[in-house]
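In what comes next, chain A is part of two complexes: it sits with chain B in the first one and with chain C in the second one.
Right after this comes the complex of A and B.
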């Protein structure tokens, strides 16, 4: 296969558009609420992409990726404290690099152990390392700050270049956007290097990669180090953005969240985790603000993606693009519209049932089993509402199955490719 | 001497509990190459079911029914979840059980609340079995050992002496051949999954009241069970047994020893005024990270685990 040149017109257009989007987005939103959401999305994008360097590109499922993110954040915070105390002179603009260096360092230390094995064993070991670091955060309160975490101030002394102090959130946004863009570009460039390609080979068939003369363990180790570096940068940005770091940043919860962001977005495509990070971050804030049942919805979304769309959102999008190009989408869209009806019924029924469960359980405390869902007022204490919900669920499932069959029947099935197994 | 004996007994109790969990995990893994991330969730469910059943009926009913219920649940998860995810490979299976473990905690919190429930040792099993020097040894711990040993002996004879046990063993190494001989291998998988989760449920029934029954109990024990399996060697039941006892005993001893390096140095006559934090931490404080340190050490010096087969 001929490799395309690194810089071609399409890529140039795509990345410039992305950069323009990053620069212009804060102009579209005025409220501070949305600006901090954008900051969080930027940080999570880098974090999720660094995770996908392992899972998507090298085939290593890590249950402890928050270790590099969290430790990067803690080290950055201590550097920031030193800068504040004037015992260290370092420009704030470059402080995320401190987090990156810390992530890289811990990537070397832990990666040496974890990458000795691949596959399922790697997953278990990464979980163990993650738990070890999380447990030791309680043992060393002087470094991890105990329950309260470590905090500092990102505004240091007088005015910097052009009067930039990083005090206002908008300046912080551009710092995050700048670092995020550079990191994303670097991670994309890495996929085009020989190392990136060999990592793919190690993911697909380590035996053959070894036969060609590459040591799979070394490739995994290198990728682990680099993934640690970028996770550390994300951690450094978090430390600067929130000016506080707690032990939650290296907990199993954070490790789980990054798995979810990358997987829901799609691990098979480079830009998948970018979509996932944006979607999950928004969902986290919007859904968690609206209902106490958000962990249930998150779990259900994740399970649905694992069982029915293992390519994630990016996979679905690419599939539709393929259909669009072949002109099939024109034939399919009536079926899609038709499928939308049972899908809405199904999602609605699930939301009603979940919210009713919560209302019923909490009714002993609140004294009322009344609940408002999507504008409807319901009494979760009555059997009839439950039966209605269950019936709607059953109808939704049955109709959606029929609709899926219809779509599958409408699709053109190409003959099996010849000469390949 | 007193400390050593009591710690040894407690360590064995804890180790056997770990083995009940890790044996199910190992069996499932070596048969289907599925790492059941939700294994500890089934342990948690076992404890909660037992709490519910022993409230309605008795502890003895719970001892029988709760593992059965958990096993049925496990079979359903295998049949309608894991088998579906299997089409997309092992990562999808692992992620499916990961998502499941996340949901399980939320559901348990919804049904039974976020605080610990009052799941107690039954009154017939309360009291002291014997007193060693000045420490009394409770009946319930002996009961736990008895149940574990009985269960494991049962598992061993089931796998070795019954027809279905032999078929399971054969399906462990040569599933295609077993299938060709006319056995329904997918059904055997479901059976093994149900059995493994039922074992985890049983561990929950007898462990839930000895330790504590709360939504965090799955996360507290889950990673340690994984460590046990890695240290013992993936897919080796004997390895899991040795590693369970090793970690159980080591951790129990460490929890009881409030010594730090500095204390030790003082004991042998060194006079130390200030020392770095690491040297001042006592063994008790080190106990939570000990299993992970052991895992790291094993991975460096013997990557395939204590009894694991060499990775091909």
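Right after this comes the complex of A and C.
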């Protein structure tokens, strides 16, 4: 067999384009708001991919992945304080590695216990360890800083190489982008190694893996350690970026968020969580900025993806690419366009109903049940607005189902299960 | 004379109060093709599960090429050169045919848990996997996910995974179960090819397959070995005839 080149043309184009995107993106956004958003996306991308090393690649659903992220962040913060307090010369550029080392170490300690079993048992133990660590964050204020968290300053001493201090946010962005790119590349490379493939085998059928000479527990343990390492890198970057770490970073909320990012993006494909991290981070900031009812929308999005698109965004994209290659998309796009109409009606109706519910529930505090939604002034206290909303919802659902049926009828062949390589 | 490929001495297996395997003594000679037959519920698959450590034995001792393997984990036994297939197809469904087979050759080729080397750069693993895929006749299906294969193809892949690692003792659990006549013939030819130079033990219901392939046969009835011997001796054994009510042997 001929050994294929390390970087074939397609991969080279893909990774170069990704690198170029990371380098050029901040030039397109001038406001600090968007730059902070990009920083957060970069951190979350590494975090979500590290989570998917477990779920998508090894078949381990962790409810406590924030433990490695959060502890990585806390240890990094204490390292930063030590660097600040002493005349120790440790380059800030390499500080995220401290988080990675901490994540790896806790991955070894906790992973030894959690990876004894797979499946539901693993999920439950990961939940238990997550709760345990989150609870201990309030019990040991000297390390976790209590409710206020731990803070420090990432600008240490004088100027470094080329006058880089990591003071300005744009310098911090490039530090995050650099570490994110290296981490993503390393995590991708891992999927192409013997361990990466055997992890897939253990995911599909741990018993069979054992009968071809592999100890599934060892495979799970190794993947857990590596996932802890990369989650720790993401935690280290968070510590540097915000210069403060609170108990929220290792809480069940953060563990839930990373599940959502990976799942919405798509756990079946390597790049899925990259898309999920970007989308969820943007939504988190944009939607939360627009409405106080944002957790409801998050729940709805997660629910819809789990029910109707279990392959996530990446799954949908791959499906469309297949249709495009077979030439079917050309016949399908009018049906797609047609489906857009009920989709807009449905989304509009849902937004109206959610906002009206929110206004009604809070009317005792605000003293008014009136609410402005998408430019319309509505009174949530009147039955008529509710009936109108419900009718719009029903029409949207009915039409969208008809449209989905039409699309399904337009296709020649049912979709084949997608093979993972 | 070399040690037997497998030696079972006084092997028992209890599930709760019921004893499924009752003190089995059995020697499998190196290089032979040995079939284990017996009526339904005799404990044939259980015996396989004990030898391959899928279940722990309750009593007794199992030796592989003279080495005690009682109480070892399945992966440890596999690394000592014993490999098995399953009655119910047991493959990696989301992986391609090629990756299914390649996973089975990684450990024996010494690649272990490596994460510093690229799979595609491991020429030995790729070559060996392709060789096995040719042997089991799935070259056409090489890059397709195992889940889309037909039943007979999945059975062939099951055998491919079992033999790919180069184990010298191979256990096949009902390799032709659920196959049509022509599929069975192909499977028999395949088993004949892959068993060259190895020790083969198989559980099989199809008597024409058993008597066509096996050098020796053991008959297991109610968890006990009733008889072991060459096909002709087994065919004429009155106790075996009685256990099978004679019917199944008429055409064999």
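Throughout what follows, the second predicted complex is superposed on the first by the 405 of 421 C-alpha atoms of A that agree within 3 Å, B and C clash if a C-alpha of one lies under 4 Å from a C-alpha of the other, contacts with A are read in each partner's own complex, and residues count from 1 in each chain.
The rule is short, and it goes like this: contacts are C-beta pairs under 8 Å (C-beta built on N, C-alpha and C of every residue); 3 or more make two chains touch, one makes a residue touch a chain.
Keep in mind it's a predicted model, so treat the numbers as computed, not measured.
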Notebook entry, point to check: Given the touch rule stated above, what does A:289 touch, chain B (first), chain C (second), both, or neither?
Noted result: neither
Notebook entry, point to check: Can A:218 be said to touch chain B (first), chain C (second), both, or neither?
Noted result: second
Margin query: Just checking: does A:196 make contact with chain B only, chain C only, both, or neither of them? Give me first, second, both or neither.
Written below: second
Margin query: By the touch definition at the top of the document, which applies to A:204: first (chain B), second (chain C), both, or neither?
Written below: second
Item checked: chain C residues within the chain A interface of the complex -> 52, 54, 73-75, 78-79, 83-84, 86, 90-96, 99, 102-104, 106-108, 111-123, 125-127, 130, 143-145, 147-148, 161, 164-165
Margin query: Going by the contact rule set out above, which residues of chain A touch chain B in the complex?
Written below: 55, 59, 61, 63, 113-114, 116-117, 119-121, 123-125, 127-132, 135-136, 138-140, 142, 252, 256, 259, 263, 295-296, 298-300, 302-303, 306-307, 310, 357-358, 361
Note to self: So in the complex, the part of chain A that touches chain C is made up of which residues?
What the structure shows: 1, 3-4, 6, 189-190, 192-198, 200-201, 203-205, 207-215, 218-219, 222, 226, 416-421
Item checked: Footprint of chain A on chain B - complex, ascending -> 29, 33, 35, 81, 84-85, 88, 90-92, 94-96, 98-100, 102-103, 105-107, 110-111, 219, 223, 226-227, 229-230, 234, 277, 281, 285-286, 288-289, 291-293, 295-296, 299-300, 303, 311
